[in-house]
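Quick one: structure below, then a few questions.
So that you can tell them apart, the chains are marked A, B, C and D in the order they are listed, and the count of residues begins at 1 in each.
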Amino acid sequence: MSAPRADQRVRETLRNQRIELPSWAFGNSGTRFKVFAQPGVPRDPFEKIADAAQVQRYTGIAPLVSLHIPWDTVEDYGKLAEHAAALGVSIGVINSNTFQDDDYRLGSVCHPDPAVRRKAIEHLKDCLRIMAATGSDALKLWFADGINYPGQDDLTDRQRRLADALDEVYDALTGEQRILLEYKLFEPAFYATDVPDWGTAYAHTLRLGPKAKVVVDTGHHAPHTNIEFIVAFLIAQGKLGAFDFNSRFYADDDLMVGAADPFQLFRIMNEIVLADAVTPDSGIGFMLDQCHNIEPKIQAQIRSVLNVQEATAKALLVDRDALALAQREGDVLGANAILMDAYNTDVRPLLADLRVEMGLDPDPVAAYRRSGYLEKVIDERTGGVAAGWGA
Amino acid sequence: MSAPRADQRVRETLRNQRIELPSWAFGNSGTRFKVFAQPGVPRDPFEKIADAAQVQRYTGIAPLVSLHIPWDTVEDYGKLAEHAAALGVSIGVINSNTFQDDDYRLGSVCHPDPAVRRKAIEHLKDCLRIMAATGSDALKLWFADGINYPGQDDLTDRQRRLADALDEVYDALTGEQRILLEYKLFEPAFYATDVPDWGTAYAHTLRLGPKAKVVVDTGHHAPHTNIEFIVAFLIAQGKLGAFDFNSRFYADDDLMVGAADPFQLFRIMNEIVLADAVTPDSGIGFMLDQCHNIEPKIQAQIRSVLNVQEATAKALLVDRDALALAQREGDVLGANAILMDAYNTDVRPLLADLRVEMGLDPDPVAAYRRSGYLEKVIDERTGGVAAGWGA
Amino acid sequence: MSAPRADQRVRETLRNQRIELPSWAFGNSGTRFKVFAQPGVPRDPFEKIADAAQVQRYTGIAPLVSLHIPWDTVEDYGKLAEHAAALGVSIGVINSNTFQDDDYRLGSVCHPDPAVRRKAIEHLKDCLRIMAATGSDALKLWFADGINYPGQDDLTDRQRRLADALDEVYDALTGEQRILLEYKLFEPAFYATDVPDWGTAYAHTLRLGPKAKVVVDTGHHAPHTNIEFIVAFLIAQGKLGAFDFNSRFYADDDLMVGAADPFQLFRIMNEIVLADAVTPDSGIGFMLDQCHNIEPKIQAQIRSVLNVQEATAKALLVDRDALALAQREGDVLGANAILMDAYNTDVRPLLADLRVEMGLDPDPVAAYRRSGYLEKVIDERTGGVAAGWGA
Amino acid sequence: MSAPRADQRVRETLRNQRIELPSWAFGNSGTRFKVFAQPGVPRDPFEKIADAAQVQRYTGIAPLVSLHIPWDTVEDYGKLAEHAAALGVSIGVINSNTFQDDDYRLGSVCHPDPAVRRKAIEHLKDCLRIMAATGSDALKLWFADGINYPGQDDLTDRQRRLADALDEVYDALTGEQRILLEYKLFEPAFYATDVPDWGTAYAHTLRLGPKAKVVVDTGHHAPHTNIEFIVAFLIAQGKLGAFDFNSRFYADDDLMVGAADPFQLFRIMNEIVLADAVTPDSGIGFMLDQCHNIEPKIQAQIRSVLNVQEATAKALLVDRDALALAQREGDVLGANAILMDAYNTDVRPLLADLRVEMGLDPDPVAAYRRSGYLEKVIDERTGGVAAGWGA
């Protein structure tokens, strides 16, 4: 583990890791009870990208920004992409939104009314066009569709409508474009959600074909779900498309990734390392999807990137040969101890060192705080409407 | 069970049952993703009470309306009470709100800053004055207070601050005024909530004294919690103050009571019947607290009142002597069968009959739909701002 | 709904419904803390079948008995089948057991040691031979395999071993033989189970082919899982093989089906009715899998069969045309009310009437209790070892 | 944090920490599906204590052994205590057992039959006598009492019976004797447990008086329960009596403490440190209560003691002044980061160093494995019956 060669490989992998940031993490967010507005919050997609670039500036492994349409609708996407490039980042995944128009009260692509379904499908196709304009190659689909009361609609009919919509969007993919299908147990639907679990998302992406994969949002599971099992299974099936990282103590709390259960994050990254899938050539996206309701947003994004990085570093330090041997021998405690040895290692010195090698400050949070960026944008961003989930 | 005398007692109890309606159920509500506005929604507390009076008109057992301050703030509470009386209803419990001001980002009565705590306490005292003005005798306290991240604040200090605030409000109670303390597992706080469970609420109300009791919101528990056990325990301790009825499949979904698990509602009402606590002389309040995000609100409130009534009727039909005998004899299946016999009874004919006796339409939902009330208010309520959680 | 023709169809369907009984439900069972032995419990598979025949005698819709190998190992399976036939029942599904030998401490078909995997696979093939000898056409596979500690074994390797074992057994199927693959969230494995959810079982049965289907055990899910969604989805995919019915308030409690959440059972049967899959020609098995730890076993099985029958009858009474119309119109409360109208109907008179038509006692539990069967076997079954999970 | 003085205080506290071991952890255990016997397992209480002494030998902070009656019944308790003393350990808490006699099928102190309640109460009083004979001062009460089906028994009557039994035992306490009352959500009861949560245990101990306190078993909670909140609350109320440490991913899995969620264990120990309650003068017991179903038992106990020790060391390293300041200032991320800084520290070098100071091997697991103890007892312990939950 401490051998120089192993260490070089670990550093090389960490250097090439990429975490993608969601533009909406920089706008205001909250619960149904209250959105606490924060000072200095961006007022448009350009300012969101500027904030995201701060995260990249101090971490060096977060050069991608996901957009959310229509929250990030602009007139000229080419200009937005250039703006990003000038700040050292680029546009990542495009996220569709089929839950905030009044028409979507009873669903979008699963709505009983074909006119609403048509509207939703057209929005998804619009997103494909925005992908072309921004250079993005992946459309992330989260459907809030579902029903609140037993009997409200027919579960099987809704699956058929969903399948039809997905088929149409899949057929419209061009070039390298891909679909990433997300599942979620509940919220905003409270009785049945149309894509509630990985099994449903898996079955649909299997029918669609190789350009459709599954998104694992770490906050979207039933209590007690073993997420790393799902990760390992989907990788083995060639169907893991991306993560939406966040953490939770209860439901879809959308806290910072690694904040609620850092050991779980380590176990997830351990499966990623096992599958040699840390770096971008794996084709798997590692995105954050969080709500910083009460904490400052840029700093929280930096913290989240570091949390993923630390978990990855620990996973890379697992002594794989010793672990495989202990597993083969059925040495329950020995195998567990080898895994825990890596988890219990303090990787922060290694990462600080790596950052210096990469020309970064060894302590990204402190460097960001010292920079005065937040104070500056609080001063500058007066007037206009702060971005939130509505815009 | 079918003996005339028993039946008379059942009818007498059902006739005297009282379900209290929340004013906010008639305004718009939603999730953090979207509030779908509905046509005809009230624009002020007077209109909310008018809508609530419709529920009373067709059910005959819902003559009380809870207010929420500041959502229901008016200049002249006496006038509001008169308005209610004119419509055949009256003001019930006053609900405080210490979660929607910007100051409350990190809590209210548990906030680290004493100035914010002071502000929250003064709001609670204001509510006591509104109680005096409206004739309400109970203040329902739900604190959204809590923290999102481990370490964010000191759990024990927060309990001390909570205790101090409660003590001050308790000391300010006059006459028949009472405090009802609600607990909730999570949301909007996502790591630790300051009154997360019945044990915490119980301990505080015990310290406060006999004028403080616990509110059981049926949607505020951890998964697998046996709510009827808590109900039975609190009644035996003299500490059950009120219910906030709703139902859920997942978290605090706030669906119509009885919609997700009607058998659970029956088991809860069974404990109420066992304790002879159905009618108002028990001192226990039976309130609804629901969000009709996608369904029409007045009709949903009627449905909810009927659901509680049906569960109560079933619980009243349990053959208590036979049940006690089977329990004493350890006849597991026999005892369970006696309970289930009542649950499986269709009480709708009995209730339809009772309504006719009470001068009501036997089918409240149908009668309401026929009345054209909703169409009328949709026409009338143009202009102004529809009520929601913000106002 | 009350039209004579509809009623005839409902009765016809109910008359042809088939519930399969597990032989092990008649033996002693318990928790890890204690097995409370009951008097009169069978001492061998012949006596178990005799007890099961009692359930069929009084319900008329339970003529199948599942065996569990090796608990029901006999020298002459032909003789056992004849014994069953003589009592009016027949052998149903064969259940394998790869969790009770000392070799299986770390798993069976997923064990790190190929010798243990071989042993487990040979047991499964033995079960295929027993199927041939008993006339059973389905092998139900529940694997207790899993690990207790992170790192204990490689999740992906275990999936490969599982796939290899399933492939070999699938290839050994002859004639009409089928595989039914069960999933379970946890217990006895406490960190990761190798077939933990329907998605995993679905993926394996998909790879295997049309003779492999999924078993839904109603007690094997994470909290909050919407089971009827899974049922509807698997039916639509042609992959629902069978149910293991039971109910639970917490984990895999194995209480009587319908005891914990009768509304859930109704919703499940509603999906079955919607798919026109109640009767045996659907190819779906409806089995009980319960533990009567403290209640008398035969009576509990009768109760369970009745619970499924009552839920089915209610589901058959749903006004499908009205429901479809309300769903199409987006009438949330109307659609829900139509479903609830059927659920709230007391179907016991209809079923009592049906039983009389079928030449049965209208009250199966009372008739069984009056029969004196339990007292008789308590007298007769002296000496020998009462059957339990070990034998 | 690294200042020498702080470090001395940390070491002093860690040196005085005491973890109590359960005698039954050294015997065989399992699930309802299978008990996998392990070679070398003790055959009587003397051998269990010998095994426990090994854990103390290598960790230096585990000198107490809890007994379980009747599993650890011996003729001469004085001799057992001497045997323990000779091995460097002593008898700790006495655990009663009112769940393994056939009489307890429907409960013990809550049973509907007063004769069974009497038997259970007399057993508890016997335990008080055994405490006197062994020098133990605490009786730990876990009641498996509960019911499996709604209606099976009256929840409130059962509470009265429970209260009567507890009152009688409390009145029989002499000298320094104390009662520790444990709660558990479910298992073996599957509908309602008579002491299901901390609130119930708290209310009973409050009624009983100062010699009764609550036991927090970390595996006995509903999903999502914030255990450290309960710990902090009970400490503040003077009602935390002891822990039963273990960990779980699902239900009462009884895995090694710290194995499933090491961050949770840290948060719990953080509350202990905050309350200055690590060492024995706090009056709080820190016991293990685990089942080593598939892993070797002595080594697993050593691992568990180390896990508690490591979590404690991390909690002791939290920079309290900085944390309090950040909390006061409402610096959400800063406060969380200070806590996480301690959690992310690798305390193993500090603890290895401490062990050397204490005259111990720096690596307890390795030292134990090298010792050949397990091989020795496997050789020696032939004949007799291996200890398990039945004996």
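One rule holds in what follows: a contact is a pair of C-beta atoms (placed from the backbone, for glycine too) under 8 Å apart; a residue touches a chain by one contact, two chains touch by 3 or more.
Bear in mind the structure is a predicted one, so any value in this text is a computation, not a measurement.
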Query = Just going by residue numbers, which of B-C, A-C or C-D has an interface where over half the contact pairs are the same as at A-D?
reply = B-C
Pair exhibiting more inter-chain C-beta contacts, B-D or A-B = B-D
Task = Could you work out how far subunit B has to rotate to sit on subunit C, using CA atoms and steps of 5 degrees?
result = 180
Task = Starting from the mean Cα coordinates of subunit A and subunit B, work out the distance between those two points in Å.
result = 38
Multi-partner residues of subunit B (each touching 2 or more other chains) = 106, 148-150, 185-186, 191, 223-224, 226, 249-250, 259, 263, 294-295, 332-333, 336-337
Task = Would you tell me which residues of subunit D are touching subunit A in their complex?
result = 223-224, 226, 249-250, 259, 261-263, 294-296, 299-300, 303, 310, 332-333, 336-337, 343-346, 348, 365
Inquiry  = Residue numbers of subunit C touching subunit D in their complex, please.
reply    = 29-34, 36-37, 99-100, 102, 104-106, 144, 148-150, 185-188, 190-191, 223, 248-251, 253, 255-256, 259-260, 293-295, 389
Key: Touching residues on subunit D, where the partner in the complex is subunit B   = 105-106, 112-113, 148-157, 159, 185-186, 191-193, 196-200, 202-203, 206, 221-226, 228-230, 232-233, 235-237, 263, 267, 270-271, 274-275, 323-324, 327-330, 332-333, 335-340
